[in-house]
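Below you'll find a set of structures to go through.
Both complexes below contain subunit A, partnered by subunit B and then by subunit C.
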Partner chain A sequence: MSRATQTALVRDDRTAYEAAAGLAVGLSGVAFAVGLAALLDVVSIDDPVAGVELPVAFGAVLLALGASVVAFGAVSRLDYVDTGPQPSAGLVAAAAFTAIWFAVGAAVSGALGLGTVGRFGVGAALAGVGFATTAFPREDVGSTVPAGVVAALCGLALLSGVVGPGWERPLAGYNATLFGDTVVPVVVLFASLVTGWSGAKAYGGFGARGRNVGAYVLIYLVVGSILAVLVGLVAFVTAKGLPGLFNGFGLGGASLLRWPFLTNGAGLLADIAGVFPALMGTIWLVVGAVLFAVPTGVGAAVFLSEYAEQGRFTGAVEVATNGLWSTPSIVFGLFGAAFLIPRFGNQKSLIAGMLTLGFMLLPLVLITSREAILAVPDEYRDASAALGVSKWQTIRSVVLPAAIPGVTTGVILGVGRIAGETAPILLTMGGGVLPAKSAAPNVMTGFRLSTSPPFVSNPALLEATSALPYQLYALITAGLSGNIQNPQEYAWGLALTLLLVVLVFYAVGIATRYYFRRKLHQ
Partner chain B sequence: MSLSTPKSDWRAGIERRLTRTREFVHDTDPEALGVVLVSMGSLLAAFVGFLLASPWTAVPLGTFLIGTGYGWARHQALVARAVTFAMTTVTLVTLGLIVVFIFAESIPAFRYETASAFGVSVPGLGMFAQARWDAVSEPVRYSLLPMIHGTVMVTTIATLVAAPLGVAAALFIAEIAPPRVRELVKPGIEILAGIPSIVYGFIGFTVINPWASDAFALNGGSTYLFVGMVVGLMALPTVVSVAEDALTSVPDVMKNGSLALGATDWQSMTSITLPAAFSGVSAAVLLGVGRAIGETMAATVMLAGVPRISEPLVNVFYGYETLTSLIARGYGSANGVHESALFAAGVVLFVTVLCLSVASQYIEARMRRRLGGAE
Partner chain C sequence: MSQTDTAETTANRTDSQGVSTTAGETVQETRPEWTNYEADGETKLAVDDLDVHYGDDHALKGVSMDIPEESVTALIGPSGCGKSTFLRCLNRMNDRIRAASVDGTVELDGEDIYQDGVDLVELRKRVGMVFQSPNPFPKSIRENVSYGPRKHGDIETGLLAKLTGRAEPDREDALVERSLERAALWEEVSDRLDDNALGLSGGQQQRLCIARCLAVDPEVILMDEPASALDPIATSKIEDLIEDLAQDYTVVVVTHSMQQAARVSDQTAVFLTGGELVEYDDTEKIFENPESQRVEDYISGKFG
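Let's turn to the complex of A and B:
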């Protein structure tokens, strides 16, 4: 096309247009953020903004956005500015607007009191109109007019008060009611998404560049909201859990550090109820699972990548490993209950939990170790072999040390994952809802030797033991009540403790990876 | 050569293997061989002893430890090879044990729910041919249909959340983000995978359920809608990381060729990278679906726990029970056929997810072959 000869310098006439489109995108972003805040009840929908109610303000903004988006299309179509639209907006956009207009038609005719057939008919008719206006005209019209009209309709509905704070609509047969408080923010979120995308396309001058900008705006929005959810979740649990976690916390005094929530049990003797037994249970669980899974997984990875010839056996192991990796945790729990519990004293026990989690950890360790060993360059092995070193010596003193960073990272991340697992230990390990301090497992001093089989025993391993995730579950099923002062605060403190334990594992694992990667690139 | 039948091929293979074994035995130090045989034999004996729940299991286990320790000191190379081989078989053995034990425990329930179709009585048909689950009052029936319906509802909503968001985020990390932003976003999404499901469930139980009950004027706050969204959030990191691997494995030459022709980044992504990585991305979505099906704790805590099919079928405002939450809630208080029926639910879960896993591996292998990459 002739655009190939144009450079940015000769597109001066578009700056005002670009600025207007950029403004529309920015305004859509603001509307999206405020709509999200209203949905999450951060901003009340009844609050007046600059003298008008929030829904009315939303309506005005959406109407303006819709009108300006249509105007962008018209200005471009009438060649007042130099853009590079393609003959059609494309099938993906056409499909999206067909669906959107179908929904609009169905919702509006439903609100007017039409039956199912009527709703379907109106929806289908509008869907056809939406498809035609998107797919058939040139791209600058096709990707602005349907979008702008939708947003303007939403804006009109809010502005005229058809949908507002007091609005409600029972869903016949669903036994549920839609209220203005939820519908208004959802409408705003949806309409601002549409205008944001359309405005971004106009900003890019339609065509390939416009699509690029439009898609990037949506993707940045998605990633931004995922990160916002993550930060919001962690911040929320932290804010709710801090009072419980630091209840009675103090520095100095008789003992250097007093942290009753982590060092107390929950019995009658403890003045401040704590999670010590569950914390110890989680620590021992992790230790047991690591002792079982890490040597096994690393050994298997060594055999698969260094000794075994690629064939049916390695293929089967690979399929089995990936199958185990994706097996639901509750199935591991069932397996532990059916296989391990009858073999360890016929009751829920710490060791059954350890081994069940070990089985879950095994595929994670195996997959990551194998990747780490395969990533060791073959030159290392060849150099060692050229020096006359035997195969096993090469593995032990060349391959494994070089693979240790990857293996360590994999193990730490895997441990972080199993430390928070609830379903398997729910079925295999059990424990009390609010265990006293004496219920904490005492594995180290528990080993007993005897002359009759099985010769070695450890009662601590054979007892039902609580762990952090299980205790949280048990508290929830007990209705967040119990024989302690403030069960709500206790439960949130427990959730924060669990989250911190897991996040510390993840932080250490990710930090290790960066540390080793930086060392490698030096 | 073309005359050789499969049978003679097979025989030749055995013979070749026998000769190789004979050579190996001949070449190896007899003492080392003996040590390895003793240690492997005792390991096998310990495994059999454990399977039979024999109190004498400790004896062969001790023999194995002593034998391996002695061998480690004297004939490290051979013992290491044998021990790592034994460790490799652990995954196969585990998967086999899971299959055997879960299926064995579920047999009584399948037998109880025998129903006849076209005059042939099929065990387990009753679980899928009627919709009543009631373990207490007569008639006692164990239909899995209500729970399958719940699982399908939750998984569908979760996939609608996780698949588009996950693929978009994977595109962002693999193609769009500048390096410094990537170093921030990637660990962030990994951490999202680390948040324990019970913490999600706890937030759902204490915050989302009451909010939903209020916002939609529901009887109780359990909804498939919000359980599905929470589960989708949990399946998201799986989709992102697998899809990102697939996208980065597309050779740069292909993308560079497209960019050199003047295509925009987005054009290169949609017409080169995504089609080339399509199998990998769909494998990622399949694995995400598997994760969503198997997600337990959030569903258990947030759902009502009543085995019932919602009316109308697509009513997302009420949530009753999924396969996973049925097991988590019912195990422990159940016994007899009821417990066995929980194992039957586990069988359905396990088989479904295993099929998804195998399918996604097949798709991924096909993609690797097509891209002509390593392996």
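Let's turn to the complex of A and C:
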């Protein structure tokens, strides 16, 4: 190759090649997306698409993709197009294809009925082949041929019906069976990921640019699938929960808004069973825990980062807080049951639950507040000190306002955890599994003044109270249904309500953080 | 030549190091003439035999100088020569560094600021400071300027003050306007006092920091390379401002730029490597006819 072509910044004879490779990448992406949809049961594997069964269609696409990927490599290797491959596809790719080919060899020989030794032998032999074809030839062959052949094999397996919807295989040694409707999408996902990567490398003309494009495609596909799983999870709960949540929902009429699921209890008098007592229980629980943990946590963080001398003591506190944050919640629950309950009337109560969850939230609030306070630039403290402002006033009017967004982040994360916590509630707060509306905690109106100590009392805080995750747990494990007509629907509605409560707390936290960020920076 | 200078200065001004016999005899005869220098005007700050250690590091060695009021005193010298350390001693900002220990006296109007029982809040109200990089608070321009007086309780704002009828919005506005005008920033920001100060340009932020410092009505203003993070136009505005401020305030300014020192200051102190004050005199004298060969080398760019 002459020097002039090597340094060409624009390779202009590659348009058709690039278009073909781009098409292959796009097709791989589509196959990946449909495979993901099939895995999440959005698309049924048994339904025919345009008269062809889905697995067969997948097989044809994968076979075509595999063949074209091999062709891209060959065309580049034979110098029909001007690409910039490196001498080898590299060790990482070689290791990946070693593993892939080992799996292919083991699976195929297993299907043929070979024993353990035979499967291992065939797998190892194919692993060697995979390594050699990836590592030793030039990059354009090494990163296309092994990939293309794997994809084509997967395609053949689907096309020929060796693996299909009816396929099933009992797992030896486990009491479980693999079914075709899981295996087909997995095979499609895997093969399209491989062809997508390989096609993207061809699209970039191999070399540094090709690796770059290949990495992009891999990352996008993987991240996309993770997001899809998350969205799928929320969508699943929502779809299952909506009928229960909106059971008897109505606008207008005698009362402006009728939402019995959220406003009724589950007692015998309720025409439509609802979750009102548990909903109020969860809301009060979170509010109480935050009210307890935020002032104490932020206060401790201020002391540790502004006043205490950095040394062994602060180091020990840091280790202890990190340890507390990773302590299992059941341990907190036991502490609450053994320590708090005897001190609050010797029965499970709302306030015992609030404090237990407050203890759980405390370490996270402390850790994040400390980070946030340490991240406030020293320049602010210097500027304030140089104006003759005392340390406490500086902390109050400069350091803490600048740290609020960070503190809020910690509270948001913590609320998500404690709102769904079941074990501590089970041990400290109890309450009825199917409480009537009258069992809802009346914290707001429950305060009573008296002339003898403690002067203020609130019976609502001292009563056993239900909460959403606790009720859900009880419904599932105890299988109670009371007078609920459709327990399944009720339980899913309950789950969706819990999800929404957490999301509402998130929204409040995020809005707070946004407000203070805006105030600080513009 | 320069070697003897060093030895004599050190021997003469540092008790702790002891005086060797050979150097000791020459002390009386060749004590540099500038040590007798007395600037025009009343002495505002009298520094005597100031030593600063950061742990084992001897950052400032036996510095003595008198800083006259209502003038600009420049401190120049290469990086690490102790000029910023010296400046931070004048309002005890070094107290904020745990490892720092300070010996010697600094008298503000005849009162030692390092004696026991000094109220740091009062000291720093009288001796203000402007830092190298502009550091306004992430608050509105108005809040930045009135921050000091509000925290000192000189101006009452907030809900409680409003409820009890003690709020003085007019006084606050007047103070903000006066301070910003004195810092030559009023014209540029008068219509957006409630915007966040971080939205200002670097030069404007630095003048805001000066206004914030002026709002507590100090007697001395310490500036630590106030223009080093700014572009030439912003720098010249700051320099004009410094000259202007010297009519009412005692200004001590640390700078890397000798041109800046020559332009704005009335007297100049040269610190060279090792934390010693090598020469202190009228700015004109320092730049045209310095006594010490080392200072001449430094100023003409041969050293440092």
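Simple rule for what comes next: the second predicted complex is superposed on the first by the 450 of 522 C-alpha atoms of A that agree within 3 Å, B and C clash if a C-alpha of one lies under 4 Å from a C-alpha of the other, contacts with A are read in each partner's own complex, and residues count from 1 in each chain.
Throughout what follows, contacts are C-beta pairs under 8 Å (C-beta built on N, C-alpha and C of every residue); 3 or more make two chains touch, one makes a residue touch a chain.
Everything numeric here is computed off the predicted structure, so don't read it as measured data.
In the superposition on chain A, A:L218 makes contact with subunit B only, while subunit C stays out of contact range. Judged by the touch definition given at the top, the superposed model places A:A19 against neither subunit B nor subunit C.
Residue contacts after overlaying the shared chain place A:A338 against subunit B, while subunit C stays out of touching range. Judged by the touch definition given at the top, the superposed model places A:L257 against neither subunit B nor subunit C. If you count the residues of subunit A touched by subunit B and by subunit C, you find the higher number for B.
By the touch criterion defined above, A:A402 lies against subunit C but remains apart from subunit B after alignment on the C-alpha atoms of chain A.
In the superposed pair of complexes, A:P377 makes contact with subunit C only, with no contact to subunit B. In the superposition on chain A, A:A320 makes contact with subunit B only, while subunit C stays out of contact range. Of the two partner chains placed by superposition, subunit B and subunit C are both touched by A:S390. Residues common to the contacts of subunit A with subunit B and with subunit C across the two structures: 390, 393.
Partner subunit A is touched in their complex by these residues of subunit B: 50, 53, 55-59, 62, 76-77, 80-81, 83-85, 87-88, 90-92, 94-95, 97-98, 101-102, 104-105, 164-165, 168-169, 171-172, 176-177, 185, 187-199, 201-203, 205-206, 215-219, 233, 236, 262-267, 287, 290-291, 293-297, 300-301, 311-312, 315, 317-318, 324, 327-328, 331-332, 342-343, 346, 349-350, 353-354, 356-358, 361. Across the complex, subunit C is touched by residues 309, 377, 379-380, 382-390, 393, 397-398, 401-402, 519-522 of subunit A.
By the touch rule above, subunit A contacts subunit B in their complex via residues 4, 171, 173-179, 181-182, 208-209, 211-212, 215-216, 218-220, 222-223, 226-227, 229-230, 233-234, 236-237, 295-297, 299-300, 302-304, 307-308, 316-335, 337-339, 342-343, 359, 362-363, 366, 390-393, 395-396, 413, 416-417, 419-423, 426-427, 430, 452-456, 469, 472-473, 476-477, 480, 491, 495, 498-499, 502-503, 505-507, 510. Partner subunit A is touched in their complex by these residues of subunit C: 91, 93, 96, 98, 120-125, 128-129, 131, 133, 135-139, 147-148, 151-152, 195-196, 198-199, 209, 212-213, 216.
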